[in-house]
Amino acid sequence: MFLWLRHEILLQGLLERLASGEVIIGDGGFVFALEKRGYVKAGPWTPEATVEYPEAVRQLHREFLRAGSTVLQTFTFYASDDKLQNRGNYVEQKISGQKVNEAACDIAREVANEGDALVAGGVSQTPSYLSCKSETDVKAIFRKQLDVFIKKNVDFMLAEYFEHVEEAEWAVHVLKESGKPVGATLCIGPEGDLAGVSAGDCAVRLVKAGAELVGVNCHFDPTTCLKTIKLMKEGLEAAHLKAYLIAQPLAYHTPDCNKQGFIDLPEFPFALEPRILTRWEMHKYARAAYDLGIRYIGGCCGFEPYHIRAIAEELAAERGFLPVASEKHDAWGSGLAMHTKPWVRARAQQAYWEKLVPASGRPYSASLSKPDSWGVTRGDKDLIQQKEITTENQLKEMFEKQKIVSGM
Amino acid sequence: MFLWLRHEILLQGLLERLASGEVIIGDGGFVFALEKRGYVKAGPWTPEATVEYPEAVRQLHREFLRAGSTVLQTFTFYASDDKLQNRGNYVEQKISGQKVNEAACDIAREVANEGDALVAGGVSQTPSYLSCKSETDVKAIFRKQLDVFIKKNVDFMLAEYFEHVEEAEWAVHVLKESGKPVGATLCIGPEGDLAGVSAGDCAVRLVKAGAELVGVNCHFDPTTCLKTIKLMKEGLEAAHLKAYLIAQPLAYHTPDCNKQGFIDLPEFPFALEPRILTRWEMHKYARAAYDLGIRYIGGCCGFEPYHIRAIAEELAAERGFLPVASEKHDAWGSGLAMHTKPWVRARAQQAYWEKLVPASGRPYSASLSKPDSWGVTRGDKDLIQQKEITTENQLKEMFEKQKIVSGM
Amino acid sequence: MFLWLRHEILLQGLLERLASGEVIIGDGGFVFALEKRGYVKAGPWTPEATVEYPEAVRQLHREFLRAGSTVLQTFTFYASDDKLQNRGNYVEQKISGQKVNEAACDIAREVANEGDALVAGGVSQTPSYLSCKSETDVKAIFRKQLDVFIKKNVDFMLAEYFEHVEEAEWAVHVLKESGKPVGATLCIGPEGDLAGVSAGDCAVRLVKAGAELVGVNCHFDPTTCLKTIKLMKEGLEAAHLKAYLIAQPLAYHTPDCNKQGFIDLPEFPFALEPRILTRWEMHKYARAAYDLGIRYIGGCCGFEPYHIRAIAEELAAERGFLPVASEKHDAWGSGLAMHTKPWVRARAQQAYWEKLVPASGRPYSASLSKPDSWGVTRGDKDLIQQKEITTENQLKEMFEKQKIVSGM
Amino acid sequence: MFLWLRHEILLQGLLERLASGEVIIGDGGFVFALEKRGYVKAGPWTPEATVEYPEAVRQLHREFLRAGSTVLQTFTFYASDDKLQNRGNYVEQKISGQKVNEAACDIAREVANEGDALVAGGVSQTPSYLSCKSETDVKAIFRKQLDVFIKKNVDFMLAEYFEHVEEAEWAVHVLKESGKPVGATLCIGPEGDLAGVSAGDCAVRLVKAGAELVGVNCHFDPTTCLKTIKLMKEGLEAAHLKAYLIAQPLAYHTPDCNKQGFIDLPEFPFALEPRILTRWEMHKYARAAYDLGIRYIGGCCGFEPYHIRAIAEELAAERGFLPVASEKHDAWGSGLAMHTKPWVRARAQQAYWEKLVPASGRPYSASLSKPDSWGVTRGDKDLIQQKEITTENQLKEMFEKQKIVSGM
């Protein structure tokens, strides 16, 4: 029914594709996937693997490409100079931010050329902003990354993972200097950004700053992210503004989160497994996102290649083709018709997987957690950037505070 | 405290290492990991990716090596000729079983040489046995794989994933012809094999057949597998037999399984996510396995590189070194001391992760499932090998039976 | 520390008691408790047991009195003439509404005289209102009950369990004719009444109609009810109005309810057991209600005598005495010091029970349900009063609609 | 279809009724029900309410009679002299054991005469046995209660709630002196009694001691109790012995219990609410018990009158009549056809309630608990009877031990 590859589509730019009605599929979460593969350290979450282990980064890009990603984001998350030298992480000294960013661009482009994917250069929030540095200082940091993106000629720019719309506006201002299309996504929920700006107002401010695409990424599950984007869409409509919408949520269920998202969950980042979405839950997400009018649909932390493939399979009819990796995945589990056991062959049908509510397998687990709520925001001393590693005394202080806050 | 690499250990054989007291760490599950990455099809679960996508197989081997695996198993699961041409899977015609097995050996050896790992050539249960073919026929199938293993000079042999001890004995007989050490693991639970042979008797029969290592792999979670291995150990002691013990369980919680393991769970294979073990649960598994006297500790389906790393980290003191991938993972989450948010830094401690019981994040999910119990065993017509793909009519029959058995 | 009985308090009226700062404790749920005891039929939920089985009604009143109730409500819930002859329930023909109401008053007064409790005459929402009868008609129905309350000289009036504030206003108008104090509680959640009036506006309208006490009862758990009452309180403050606040929530956890409360939960009314609050959860409710400024604290469906006792024990310091039934209940489980088993004696402490999160004991149950949402409101044909019992055809129609709405 | 009352059955003795094929229905749990109503103290759990509050005891008997109980047990649980003066409980001094037992007999007979029920005089395990007193001493204690039962002419005797079969044998020996039928039930699970005697052997020993009925009561949920009784039945068959079988399980789900039953669960006794069985779960229990050949089917702690009614309704066809209380309960929820809301009327059908798996309503609760396992058995100093109340120091010691055992 579908073509496996779409030779007929010439490599067009992002805005042309969106304008023509194409559904753009993003990629998944690099830091979480590569942490599990052994190439990224949880805590700093910085992407020096682009220099240290390029084959691992390349392989992950390739898996997302095969899974259906139209866009490959450079693995430049948290690759700003101030983040690369924060709290005992000495990447900037050992490798340099410039090299990390350059390698990221080279790898992404190399793999993008294996298909007809676009390369997006990405920047994200900075410790400098949290430490209350000036607009000039923060913009200078973004500009260093942008210089690389321009030199390497990425296809468009993405400012993502911002908790404060103000910092995202600054990022958009800088990225616009490139003359390329710019998207901007905040990691906020329906309550708005951490400074109290509503989701609708955030969208309006980002579009006014120059973003052609706006939306949310990370911090919340698909259901919550779509709620937030709906508020953004309504905000834009009320302001008579137009923009394409992007969704790149977590692949973790987070019904119990508060304003700051999954960072606050007790399970973050090392015990989130039971919350991972199945591929069938991704089908529902993809459909709901499409129905809401979102045309750039991807994922963030927790999204593995098979999650992206599920999005591409759900929207295969709309897009006119299946992803390459579907050669290894018949629709809705129908490949199980080849299974040895007859009761597993009986699961080779959409009706089975669509209705299944999976058991947790964890009878000693509750279904919801009470998130941490330290009430710490921009300007708090505990958020100030610190080049040196956290000291024993600082840690003890944290441990004590944890006991008090959690009431243990 | 620990050395990152163990330059001092000369490359010795498996039995020498075990005799010297070394704890051997196995690798994780290839078919499930590569299915998620887009290179293996669920249903047939066959490993033709060794020929089609060698770089993807190589990368996964490398990740396990970095995570601490002392053994790399050739990706030859279900690579017997009869399985490669079962129910519409035409690998044997397109590529040939010999090429799949040869490529698997080459890739495993290539990566093993990047560290000091051993290569194990693996065979698993066959459709022929389930179809009641003769001992001679079944052995001929194993011998075809063995020919490749001998030619490629793998370090030892592993017969794994057998539901019937009789077929595993046949496999051991064949593999012994190589003169190399032979290990054998069944995918059984504490109730014994599918023909009703007790776990203790299974172990005795496998050792008598010539296996130097015995144990279990797949089908059940670590807790259940260790229960089964304890029964095997007691069986061997009662029979005054000696053998090394192997554990390679699932990385999925399966408290609700019956005799046939996770295959019967309604969530198999596409909705097992909430059951995935965390790395901290792997620490507990590694410690319990070690305390039970098991000295070959690895994993099967669901085990990702970070799960293997957790085993290697738990046993770092006993083994005298940490795995390479621990450069990206400070013990017990202590890398979180570098996190931006103070309440996450407060989680940089063993006490936090050791006690945490993760929420499922799934308030509409139960914690246990009722497994399918079709009561179908060897010889049943629905288990007979069939070269052609399952027909529409056969599928309808299965769907009807499912409705009746599950009472829906 | 506390006096067991409070001989010093003279029998004063409700408003005098409240004005003096006394915390009034309501009683619990009669229809649910007597249904389980075998004296009330679920479905019609009418109180003809006052005539048929007065000793059973008397006993339940007495248990609540002993547990600490300051108020005994006449068991006249759904004792309006139109409800007593609805859908095949022929109480009105067999006994007459007047007799049911009179017997209720007599029994409540008899037991109230055993302590120093007040008697409240209660009316609740009518099928006539749902059937769009006129204000005059609906008021006439309330007036018939009021005539009995006046004749029997109850101490004050309570209009409770109204889903529409308009009908509650009409009830207050009628009850005010008595010259006695009047309280009014709606069975609404934070979203407001079923006609879309906000909780704050509901409170304002009820006070303007003449109610001296306002609040909520039934339909939601304590947590949700307190949220609603907080909104009511804020509404009154904004309108510069004053009233005492009443809370009489369910004793069932209902985190998954929508606007219409527990009626919509699939478990209503015969499978609510796992949702029943423990006594310790009642301690938390009582404290939270008190802290919010509520001074009339009781319960509705699901509240058994021991739940009311828990409220009275939590507020014993504030009130200066314990309830009589505490002779059989030492504070915070300390009576367990008399238990035979030492590990149960170890539970004789507040710290143990305060922290315990009880397991459900139901591994095949989810924690939340999806409520029915038929979207049927006042005026819908399915809500029209019908004297005759529901016909087979009508039932079939309902069953069909259920299948469609629930997607089964 | 069924007669409401069974005027045709003449008042016959227990054995005659059983011999004629009648299904005897027991009553429910008095100590737990009356604790919630305010008349029994948790901890000592003694029945002095027979003297103090006879109307409350009478009312509960009456509710069980109406619900379908063929037998009313005297409320003499833990009414042995040594238990009445244990650990600060001074009932023996204030009232005397004899009066408590006499009043219990009088009340039970009075209510039994309102129907055609039998009265069973009951004894249960003693602190003296746990304190290693002699057979003579322990038997003397039972004999004091028996003297009352003989004087009051109860219809038969029941030795129930014994953790050690030896003590139960002693009780049977004594009760046999009456010449009346004797039943005996242990509070054990499938693992056997606390001294390690298997369930099958327990049954054999009780029948050999003279019991005409044997089975289990309390400590475990219906599913577990039926497993145990099945083992007892098989033990009797193997020994070529005959006896009637009794089941009187908890009305609490206890899938997570170990050998000592629900006493060990952290929720015992004040947080068991989420584990309470629904009436529909009782239907399943009654059917399974009947199918196993049990002909005396009742309940223990947690059983309220509506649970007993569910048993009587499930077995109405076999017994030929419905219980009196079914006048207020149409089969399988069909009374909901009279409900105001149409979506609740749609629940007036067996198919709905039979399939419903109720949500817990508790997203912060796990489904299973880890039971206390102190390993304390008969003869341990902490189990020795002690007339005086537990001292502060003794309690502190317990609290400390709890911390150690639970690892907190």
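By letter and in written order, the chains are A, B, C and D; residue numbering begins at 1 in each of them.
Note that a contact is a pair of C-beta atoms (placed from the backbone, for glycine too) under 8 Å apart; a residue touches a chain by one contact, two chains touch by 3 or more.
What you see is a predicted model, and the numbers here were worked out from it, not measured in a lab.
Enquirer: So, comparing C-alpha centroids, which chain is the farthest one from chain A?
Expert: D
Enquirer: For the chain pairs C-D and B-C, which is connected through the larger number of C-beta pairs in contact?
Expert: C-D
Enquirer: CA centre of chain A versus CA centre of chain C: separation in Å?
Expert: For chain A versus chain C, the centre distance works out to 48 Å.
Enquirer: Just how far, in Å, is the C-alpha centre of chain D from the one of chain C?
Expert: Measuring from centre to centre gives 32 Å for this pair.
Enquirer: Distance-wise, how many Å sit between the C-alpha centres of chain B and chain C, to the nearest whole number?
Expert: Chain centroid spacing, chain B to chain C, equals 58 Å.
Enquirer: Please output the residue numbers of chain B that touch at least 2 other chains, ranges allowed.
Expert: 256, 357, 363-369
Enquirer: Which residues of chain D touch chain C in their complex?
Expert: That would be residues 35-44, 55-56, 59, 62-63, 66-67, 86-89, 127, 130, 221, 252-256, 263-280, 304-306, 309, 324-325, 328-330, 333, 335-349, 352-353, 356-369, 372, 374, 376, 380, 382-383, 389-390, 394-395, 398-399, 401-402, 405 of chain D.
Enquirer: State the interface residues of chain B toward chain C in the complex, per the touch definition above.
Expert: Those residues of chain B that touch chain C are 256, 363-370.
Enquirer: Name, in rising order, each residue of chain B that touches chain D in their complex.
Expert: Those in contact with chain D are residues 357, 363, 366-368.
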